[in-house]
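Have a look at the structure that comes next, please.
Going in written order, the chains are labelled A, B, C, D and E, and every chain counts its residues from 1.
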Amino acid sequence: MENNGTGFEAETLTTPVESAASDESIIQVNDLNKWFGDFHVLNSINLDVQKGERIVICGPSGSGKSTLIRCLNHLEAHQRGQIIIDGVELNEDVKNIEAIRREVGMVFQQFNLFPHLSVLENCLLAPIWVRKTPRREAIEMAMHYLERVRIPEQADKYPGQLSGGQQQRVAIARALCMQPKIMLFDEPTSALDPEMIKEVLDVMVELASSGMTMLCVTHEMGFAKTVADRVIFMDDGQIVEAAPPRDFFTRPEQPRTREFLEQILQH
Amino acid sequence: MSSDPTPLKPGNPKPWNDPRVRSVAFQLIAIAAVAWIGYSLFQNTISNMESRGIRTGFGFLNETAGFGIIMSLIDYNETMTYARTFLVGLTNTLLVSGLGILFATIVGFIVGIARLSTNWLVAKLALAYIEIFRNVPLLLQIFFWYFAVLGTLPGPRQALDVGGVAFLSNRGIIIPRPVFEAGAGWIGIALIIALIASAVMVTWARRRQAATGRIFPAFPLASALILGLPALAYFVMGRPVGWDIPAMGGFNFSGGITAIPELGALLLALTIYTATFIAEIVRSGIVSVSSGQTEAALALGLPPRRVLRLVVIPQALRVIIPPLTSQYLNLTKNSSLAVAIGYPDLVNVFMGTSLNQTGQAVEIVAMTMAVYLAISLSISLLMNIYNRAVALKER
Amino acid sequence: ATLQDVQDAGELRCGVSNGLPGFSQPDSSGNWAGIDVDTCRAVAAAVLGDADAVEFIPLTAAERFTALQSGEIDVLSRNTTWTTTRDASLGLNFTGTNYYDGQGFLIKTALGVDSAYDLDGAAVCTQAGTTTELNLADFFRANDMEYEAVVFDTSEASAQGFDNNRCDVLTSDTSQLAALKTQLTDPDSAEILPEIISKEPLGPVVRQGDDEWFNVVKWVLFGQINAEEYGITSENVEEMESSDNPSVQRIVGTSGNMGEILGLDDDFMVDVISQVGNYGEMFERNVGPDTPLGLNRGNNALWTDGGILYAPPFR
Amino acid sequence: MVPHQPLPNQPPPVTQRGVIRWLRANLFSSWINGLVTLVVGYYLLSTLIPLIDWAFIGAVFTGDGVDACRPGKACWIFVEERFGFFMYGFYPEALRWRPTLAFVLFALAVVPPFLPLPARLRRGVAIFGLTGLPVGGYILIAGGVFGLESVDTSQWGGLMLTLILAYVGIIAALPIGVALALGRRSEMPVIRGICVIFIEFWRAVPLITILFMASVMLPLFLPDGVTFDKLLRALIGITLFQAAYMAEVVRGGLQAIPKGQYEAAEALGLGYWRRMRLIILPQALKIVVPGIANTVISLFKDTTLVLIIGLFDLLGAVKSTLSDPAWNNVMAEGYLFVAFCFWVFCFGMSRYSHRVEKQLDTDHRQ
Amino acid sequence: MENNGTGFEAETLTTPVESAASDESIIQVNDLNKWFGDFHVLNSINLDVQKGERIVICGPSGSGKSTLIRCLNHLEAHQRGQIIIDGVELNEDVKNIEAIRREVGMVFQQFNLFPHLSVLENCLLAPIWVRKTPRREAIEMAMHYLERVRIPEQADKYPGQLSGGQQQRVAIARALCMQPKIMLFDEPTSALDPEMIKEVLDVMVELASSGMTMLCVTHEMGFAKTVADRVIFMDDGQIVEAAPPRDFFTRPEQPRTREFLEQILQH
């Protein structure tokens, strides 16, 4: 499942990365519904993700993208419908939730690194306490992933000493250290300055090309074109359109999607 | 919304893995534990009291107390009941807390402002005061003022004499007591008239300012009125107020109003100690108003004292008032240290002497704690209301 | 039961005053001395065979009854006056009197007052939660006089207040006044007025409802008084064991089963007398003429010597 | 074109230079300020000089007994003679090395933040200070095992007792406070309610009523025959009282942790307790170091109240000797000595907390 | 002195606004010197401003621009030299200072609105307490100026509820409510986001075209070109160059000025 830095560089952002999707379904979402109070945030979402598939989710603000992603590792509970991840159903069952979180890594918009721990310790936390990996092994693995996100030399610094881009890369490494089967990204680059966006996207593209199953909320359309197997457009809590990037960007079926794309590509 | 007639529900977890079940179970256990602890404490107490033949109930409140109290704001003598001693203690506690709060606020504000003085000497002096008195236990300060300072005042026969009418001795400060004679009522009426007139004047001044823009010196005039009118009535009515001037007789002064040294020492200690905290609160409150605010106000042409009143103080108060009230609460609770020097506050009179005469510890301690609890809860309630009222509106 | 508890614990917890010369006073290394302290030690000697097996718990007047009621202490020996209310409504029992006292006044000689009836308007220092406080009120009311009660929580503080001139008169039991007088900066500057305004029988107190323990504490004191009556002292107690006076024999346990019926060893009084002494020794050692207090036996003399000390027979 | 000739910078006018500037700016910036300076300065000097004379210059530091003292000047011999009692109370003189040793160990545990030691060692010492030290210190001071002669708690006293009360109070109050704070933020209404009531109750009543309850009423609430040491009871009272204050301080810290930290920890699969222990509490406690220091200082001062229930802490020890007729009027010296001891500790603690705060600051913002 | 909105709009930013400068001098600064401690912040400043003249002051950071501006309404005291404003000499005399502050409005970089007062009350404060205007009149005038800065509808909100640009416009209205003869601006736009800069500059240009005497510290060179009668370049506490914008931007006399312009126009 892993695959070390292949020398892939950002220049290739426009050449699509070859798909690694298999036929095996790893995430199944059936008729997912969620309400915040009276507000219907997610409305009958159906989604099937294959192992190795890379999915980019976009849509206007407030359309429920983050909420969908967060439902997948139960940071939010859903009220109706079914989520099955790697064969385990996600419900209130504590054991199931634990099992699923072990397989799902998540990267936040605000990095959310732990400021009181060094970069290395941030990465060791989950392997040691959740996976119960021996410390020595955990360190080896952490260093491996830090190399992969290209900041092994920062291992002993504290998050506060790093730039935003470096922090986000640490956050990715931290999630990878759990050796998850699925990675969720919630607008990983939108809190970053333009120069830093690229360094994070590079890492993500590299990760995509290694065959990781990825769900990524982002408005970086270049990234979507390069790596996505499918682009999903959400609006008003519903999936409006889901298509491979070629079709999605060139001939969107829904007028709502067209409208959105016009807006976003203008910038 | 789904067309599926039987909506998919997330599968039910195993009960022992369901956090909701766990949470309910946990809470039930907690309730049970607390109830059990409460019940067994109650049961123990009841059975212990029974087996030891201790009287229970609040009947004792109607019994005669039989002991004297040196100072009381309400009418009291030793033939009255324990309920009365409770009230005496309570009023004495409220008196010392009230005065303490008043003085500590005044001293605290002065020192807090002095801390920001441009005069180096004054600022450093204020700092030294704060650092010294804040770091010494209050009880020690009470002892110090009571024994080492007030204790060395001369006896009543050698009392320090202030103009022949007030006297300072180790029995306290004794000042003349006004004795109202016929016609004294007019002074009261004059005062009431002056108060009403002042209120009318202030309203009028405000209206006039709104209408014409002219600022009327309402405050100094009102003060003059409130002081002047009763004084006028006093002389017009032929000075109907006599003064009961304390005179040395027998052991001590008789007549006049006495402030006992226990009250003095307690007030001094509470004031000086609490003022150090208030000073820091005031300082940080004022500092929290950025210098930009002052500059902007000055640049608008507002004179410095109006800058203070219209811009700095309203903003500083928002920061100052919440911690200030918690200091008031602390002061009230600390007034219970009165017991160490014999000031007859609630803890001393009620939880001390009354408890000892009746032996009903549980009832008396519970009543005492309830009083403090009530004071504290009402203050936090007021605080919450205030905070809601002044919260800055943000986006 | 308390007796059992004390024997199990191997230690008697005894509530005493937190500093009253002659009655209970710690020295600078924490050794307690005084007539109240000796009363505790006597009980410990009787119950545990060791007069030193006492934990002294200093209490203010205000705390004392609650401490006893709650079981914090086993016996209260803290110059406590025996009154009806205390006996009946506090759930306590007084076991006897180890000192017959009366309330008096200590006054500064400089004031030139020589009678308690001239005290109208005086400020009076007293201790919180005592009968003294009540007697004072009664006395002034009965004689239609005004006073100002300056109330402190310890007797030491009230003496200090008197010394500092916070009040004109200090009122307390006369024995205490004698003790407190010694603590003044200038002990000669004050004198005790002749009037005694109350009866103050002071004695040990136990919780009500434990008659076994009540009897033990009561009879240890009676035993000490009887011992004085029969001339048994700490010096001669060994010899007395071979005495053929049946009264003496019953006290030292060589005849009868006084100890057994009380739940103690038969020779319990031997431990008491040899380690603490008889009543007279206790008195002389702590408050007698050769001590700083310099009190005469007065009322506390045996009935045979013109006093009122009269213990029921050991029989 | 006229090239601009940069003018040379000039020194400020005399009124803006050196000492004169300092005086003008700080003491005489306006005539009112000048007047204030003179008046305040005059009164300061006229009180300080006699005070210094009384306390130091004219004071008697060595000598034998009361006769060596000079009237109208401080007599420090009194403090010197009673020093052992003030420090240790009734603790047997021959055994006083034991508490001394315990406090030396305590001092060693406190020092590390001031030394450039490796973090691991510092952490080790801190853990020792929180766990090993209380146990070891107790064994040393109380004795009764390892052939150490047992010393009853009723003999503990003086500054030693003050320190023990404060130290144990804080060590025990911290975990309870943390638990209460977590409870108050719990999602379970019952738990939250219990914690709120507990905290509000203890914060609302004066400490002396609590000490009174603990010292004389507690056995009334317990099953017949269950009793424990008076000192222990005072400690329980103090600890619970302190825990309530601590809980509010810690709650402040918990509230300051951004929600993202909770979520990130959750997403990593850490359970509630691990999340709290590894992520939230370390950050929250760090934020509230100043708040904790303030409660510690106020607790330290509040320990003097045990005097009212008859324990001889530093103030109690000193106060009990003040009535000694052998020493005339040494009240001021006695109280000043106590004030000085407390002041040194409280002031030291507040400085210390600043130090710790800096030490713990790993945010190193760029 | 007043002159209602002339329909001027931001599009005209590049067309210079016609000068309203008269011959009458309203500010005279002679040999002004100021020290902070030993540091010579203002070194022999000489400046003469005509009534209606619009002056833009620029210069590198720390050159003393703010200090100069702040000396003019005595937010800072000067140690040597003379400042005469509208015929009144600025010295330690409290009456003079008050008189001058009544004629000089000031707008700060950080807005410095009073957060405890509503927008309207912010504007009423000085008219009522300094000018002693009747409340009704003061409200009318405040609304007039709020309209002029185009936010009359926000009158009852609190500053905390407004965007930065709106706040700065309220600050301008507040200063105008005193009907000052002179307005001082200290980098009024540098704390703002780009979109907001324009809305504030629009208001300032409109103000300039109404004939107000203005001294403005700013690095918005477009604004300088449009409205300034003179641009003053300060460096190291001295006025290095003062010239009409045409000359200043096209043929600066001093090498120091050229250097600065190069730097600033590069951005």
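Quick note on the criterion: a contact is a pair of C-beta atoms (placed from the backbone, for glycine too) under 8 Å apart; a residue touches a chain by one contact, two chains touch by 3 or more.
This structure is a prediction, so every number in the text was calculated from the model and none was measured.
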**OP:** Just tell me the minimum hop count from subunit A to subunit C, counting one hop per pair of touching chains.
**Re:** 2
Subject >> Touching subunit D and also subunit E, the following chains >> reply: B
Subject >> Comparison of B-E and A-B by number of C-beta pairs in contact, larger one >> reply: B-E
Original post:
Whose Cα centre is nearest the centre of all Cα atoms in view?
Top reply: D
Original post:
Roughly how big is the turn, in degrees to the nearest 5, that lines up subunit A with subunit E by CA atoms?
Top reply: 165
**OP:** Starting from the Cα centroid of subunit A, hunt down the chain whose centroid lies farthest away.
**Re:** C
**OP:** Quick one: point me to the chain whose Cα centre is farthest from that of subunit E.
**Re:** C
Subject >> Intercentroid distance (Cα basis), subunit D paired with subunit A, Å >> reply: 49
Subject >> Between subunit A and subunit E, centroid-to-centroid distance (C-alpha), Å >> reply: 50
Original post:
What whole-Å value do you get for the distance between subunit C and subunit D if each is reduced to the mean of its CA atoms?
Top reply: 41
**OP:** Can you check how far apart subunit B and subunit D are, centre to centre, with Cα atoms defining each centre and the answer in Å?
**Re:** 26
Original post:
Which subunit D residues touch at least two other chains?
Top reply: 212, 216-217, 219-220, 224, 308, 322
Original post:
Residues of subunit A that touch two or more other chains: which are they?
Top reply: none
Original post:
Do you know which subunit C residues sit against two or more other chains?
Top reply: 66, 69-71, 153, 160
Original post:
What chain-chain pairs meet the touch criterion?
Top reply: A-B, A-D, B-C, B-D, B-E, C-D, D-E
**OP:** Under the touch definition given earlier, write down the residues of subunit E that touch subunit B in their complex.
**Re:** 73, 75, 94, 98, 101-102, 104-106, 108, 110, 112-116, 125-126, 128-138, 157-158, 160-162, 171, 174-175, 178
**OP:** Using the touch rule from the top, collect the residues of subunit C that touch subunit B in their complex.
**Re:** 61-62, 64-66, 69-71, 85-86, 89-92, 111, 119-123, 128-130, 133-134, 136-138, 140-141, 147-153, 157, 160-161, 164-166, 168, 207-209
Original post:
Of all residues in subunit B, which touch subunit A in the complex?
Top reply: 1-2, 4, 7-14, 17-20, 22
Subject >> Contact set on subunit B toward subunit E in their complex >> reply: 209-215, 290, 292-293, 295-303, 306, 310-311, 314-315, 318, 392-395
**OP:** Spell out the part of subunit B that touches subunit D in their complex, as residue ranges.
**Re:** 23, 26-27, 30-31, 34, 40-41, 44-45, 47-49, 51, 118-122, 125, 131-132, 134-140, 143-144, 147-148, 151, 333-334, 336-337, 339-340, 347, 351, 361-362, 365, 368-369, 372-373, 375-377
